[in-house]
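First subunit A sits with subunit B, and in the next complex the same chain sits with subunit C.
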Partner chain A sequence: MAITDMEVAPAGSGALKPPPSPAWLVLPGMVFLFFVLLLPVGWLMALSLKPSMAGAFSMEGDWTIANYLRFFSQPFYYSTLIKTLWVSGLTTVITAVIGYALALVIWTAKPAHRGWIVLIVLSPLLVSIVARTYGWMIVLGDRGILNQFLLGLGLIDEPIQIMYTSAAVIVGLVHVFVPFMALCILTSLDKIDPNVPEAAMTFGAGRLAVLTRILVPLTVPGLASGLTIVFSLSISSYVTPALMGGPRSGMLTTFIYQQFAVTLDWRFGAVLVTLLLALTLLVLTTILALAARMTAKWSKA
Partner chain B sequence: MEQGMSPYSDFFRRAGTGLLFLFLLAPLAAVIVVSVNAGTTPKFPPEGFSLKWYGTALSNPAFTGSAFNSLLLAALATAVGTPLGVAAAFGIARGRLPSAVRGLLEAVFLSPLIVPGIVIGVALLVALSSAGLRDAWLRLILGHVLLVLPYVIRTTLASLQNFDPALEEAAHTLGASRFKTLTQVTLPVLRPAIMAGAIFGFIISFDDAAVSIFLIDSSTSTLPLAIMSYMQYNFDPSVAAISSMLIGLTLAGALAIERVFGLKKFLGS
Partner chain C sequence: MAQVTLTHITKLFPGAATPAVDGISLVIPKGSFTTLLGPSGCGKSSTLRIVAGLSKPDNGMILIDGRNITHLSAAKRNIGMVFQSLALFPHMTVAENVAFGLKMRGLAEAERRPKVSRALELVELGHLAERYPHQLSGGQQQRVALARALVVEPSILILDEPFSALDRKLRESMQIELYRITRSLGITAMFVTHDQEEALTLSDRIVVMNQGRIEQDGTPREIYGAPKTRFVAEFMGLSNFLPAQSRGSALVFEGVTAEKTMDAGVPQECFVALRPEGLSLSVAKPDGPALNGRLAEAIYQGATSSYTVELPTGRRITARTPDCGLQPGQDVWVSWSPDALHAFAA
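Moving on to the complex of A and B:
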């Protein structure tokens, strides 16, 4: 950069000195992040190693792992971790299927329709979370649209309960995370030369073969980043499980809310926060490492 | 490619696409239909057309007061977070730092996107309480600046990386001072990216519930939380009316981002 500066400056104007490094500009943001995010989160994690005591947020007491032993020894506590994992896993798988279908719809759409379709696919993201959840309550409630429709068709005899179950949580999460997944996959699809699948079909490949043997392998990077984003967003989501799953949705995040807002056992709550953070980081690093290996493998193949 | 590529026959492809779109749009359509319902319960199909629930929602002090709080909070958080983020993006992109340091800085600055909102809220609550600071507005502003910051940094950084250095060199050659180059050349070029980040940050802040739920107090609430607590005891269509207004507001913000920056580019970056 400095060298190009010198070359561009005409001889008569005097050598253009490279400006002083503006690296110091990161300092205000860094100080802010340190005091508002890193220090508080670190403090909270340290607090999880202090004996459990209702209402205590100071650092008094001896260091102990008693809170962690308590969490992992009682099914009532560690079941929230298990439930968070399977609800998030199922959400991610369903989101991947729907997101892939929508990405294909966008990819194969006529250019004139593409803008509208992208807008529809993004629409869940553009709507306030409370508005979205209220909409799902109208659709999925005991006397909601879906139940009325199924009753009217005679498929069911009495309303099925969907709201305040894990199914409702998964529907709500899939709905809002599908746009992320579709966009991630679309980014990969857009890099594929449309002639490649066409050539395969000319040589007699079936549509399913084109999908599973050509498109999916070529979109592994996009799919991987979509899976990473959706899984980590799922395990850390709070508002959708709280509203759609009811107060006893049994997820880690709703349990965190209980500990900090109702039980006020902040030190035990700090264990849950630490576990949630550890889980998020673990998922992100694992899937990113996996994606790097897959990409390497596919690019060699 | 259009005919050759579709994995199903045309009919099934259209039907499948229709079902997917229905899934995406159903809750939003339901909210809007119910908001103009004349009845007192969110019945479907609605019992006649009426705008009375908009009147009910707008005359509910719990909604108007918290809506004012949310707007003020989002505006303050964006006003503080945007310069902080733009400065940080400049430091990262132009700081001539070793690439390992750059990567680390970028990761730290984008980390509020990875840390769950509920963790940000809880951590701030505990840390500020132990420092003796219990003012709800202070807590909310600090937490929401954190929400805005990564979006501004991300868009500004992306724009700085595509910045053509010849523009600044030309300005300098033509005798512009360093300050003048910054204000008359560099910042105007970056403006769409900064605006997109700021608008998105504003929407994220306005829509947030997970961070705020721990930071409000009995006298200061935000709109999403006021709606959430109202929903626990009431199910009347005034929630649909206020939700429809929120849909309109977010749509306006999204269109603004689309105009200045390109929405897909923004969400994909």
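Moving on to the complex of A and C:
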């Protein structure tokens, strides 16, 4: 009986129906995303095209781009955009450098040590953001460890302010985002045949040449995912800028919060949301397109 | 091209009980093709990596043309290496892969181009210069790796089991190509394989390794024709080991006496081995020494057949000869050509 079944199965392959297209499987997810993401965001975008008015949450009024003109005509407003871009860009770059170094350490570590190093790298994610921020205050505050240390050495005469500046925001963000970056890069490094950098060495490449000509080009895919993740997390971060940058951190997210929760000008707030979203999408697509162009020729997939 | 000398090279990996490389001393003369041959795990790759500068020896020295390079980094040794995994640069074209070593040596584009095309011509890949490695077949990738190593005019070309991933036919044609190229360029080469046929085909000299040590070192003829130890004999395809006594210029085994000129090193209580391909079977008792037994098994294998004969002592020997129509159960005589008989210490 079993034998007949086995013989029939391949012979009867004509009777096998092609599996139904799996496209419909994404339908529930699409419906969910439509209601929780596209609809509210679309609604906010539409709202940004209605005249600014405190306390107005509905769609009434004429269509206008006055809110956008207001945003771009006043340095106080558009400077937040520039500052946000600058802070998240710098955060992303610093995170990439530190993350790359950490990924290399993990990659070259003995297999027995690897797990422990990964755990240490992940440790910032294990501490709640509030505890982490107060920890940084102890280090970076006017009478914090860093200032005490520099004063003690006589390098400075009076404490330098770090807390409640962009520098503090960047330090706080880099600290949490480094693990994401390191793990993204590590995934790419792990795909490299260890003989490849060794081959480069036998052909005369020093450490720097191995890094810049072999490892970095081969880890572009991991680097691109790390950069996109860290950039989108940075530009949309709220708690760290609010706690470490102080009330006037000058970041777009804290500004958005003020519009929605304090001045209740949702229509102007919606402008900020739209701009933040557009900016993020622009940067992400640029990074991904560049990475795709760099790897298109040689990657098998 | 250069002479390479290894003196007392030792390498003990942390946590290992025995050294992976255990006091290897070796001179590879200028222009010679020397093969390290041995079973997997005997320390061949470890030795090559030490010569290439990818791994530091615990002890010993490496000299190239008399210059001590033991502490020189891999990048400064002027070595051309072909890895078992090939290790082509996946993000570079064939031409860029080949040009890499020249670039690292500071050659300008105009100087690189003719050298790269000459190297690619040598391995017959000129037409694929702009392809990426993943667009090439296994054999083509192999030749890129070879061109990349040759183009830098290395002091020594190092190859670590480069053909082990190829199928038999491709492997044989690559062996011939490698033979042709290295001999025409007069390259000093250090080759590693666990395949004795490959070693015999390619080498001027074979160094048989076992557990980090050199077991025997000689020309392919010497290694194949006069193995000094049972390990080498087995590795070179000898079988049919029988306990024996040596008496002056004769060997006595299984009640038979055979004349044989032997190395001085063979002790009185020794072993003989009979090469299966050097045996012949007959029903009638031949002239000269021969072993009598019962044919236990006859297996047809095409060009040759494999016959297993059970001797009166219960020991079995196997002969590989052209099919001679004998049937299992028959009483047969086994005789041998003089060079099929070998003797050595146990």
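Just so we're on the same page, the second predicted complex is superposed on the first by the 260 of 301 C-alpha atoms of A that agree within 3 Å, B and C clash if a C-alpha of one lies under 4 Å from a C-alpha of the other, contacts with A are read in each partner's own complex, and residues count from 1 in each chain.
The rule is short, and it goes like this: a contact is a pair of C-beta atoms (placed from the backbone, for glycine too) under 8 Å apart; a residue touches a chain by one contact, two chains touch by 3 or more.
What you see is a predicted model, and the numbers here were worked out from it, not measured in a lab.
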item	value
Partner, of subunit C and subunit B, that touches more residues belonging to subunit A	B
Partner chain(s) touched by A:Leu122 [first = subunit B, second = subunit C, both, neither]	first
Contacts of A:Asp193 with subunit B and subunit C, given as first, second, both or neither	second
Touching partner for A:Leu69 - first (subunit B), second (subunit C), both, neither	neither
Which of subunit B and subunit C A:Met201 touches, first, second, both or neither	both
First, second, both or neither for A:Ile214, with subunit B first and subunit C second	second
Touched partner set for A:Ile82, first subunit B, second subunit C, both or neither	neither
Subunit B and subunit C footprints on subunit A, overlapping residues	198, 201
Of all residues in subunit A, those that touch subunit C in their complex	193, 195-196, 198-206, 209, 213-214, 217-218, 295, 297-298, 300
Contact set on subunit A toward subunit B in their complex	1, 4-5, 8-10, 13, 16, 19, 21-30, 32-33, 36-41, 43-44, 47, 57-58, 98, 101-102, 104-105, 107-108, 110, 118, 120-139, 144-145, 148, 175, 178-180, 183, 187, 194, 197-198, 201, 207-208, 210-211, 232, 235-239, 243, 253, 256-257, 260-261, 266, 269-270, 273, 276-277, 280-281, 284
Residues of subunit C that touch subunit A when the two form their complex	52-54, 73-81, 83-92, 100-101, 104-105, 132-134, 148, 152
Subunit B to subunit A touching residues, read off their complex	1-2, 4-8, 16-17, 20-21, 23-31, 34, 42, 44, 84-85, 87-88, 90-92, 94-97, 105, 108-109, 111-112, 114-120, 122-130, 142-143, 145-146, 149, 153, 165-166, 169, 172-173, 178, 207, 209-210, 213-214, 224, 227-228, 231, 235, 239-240, 243-244, 246-247, 250-251, 254, 263-264, 267-268
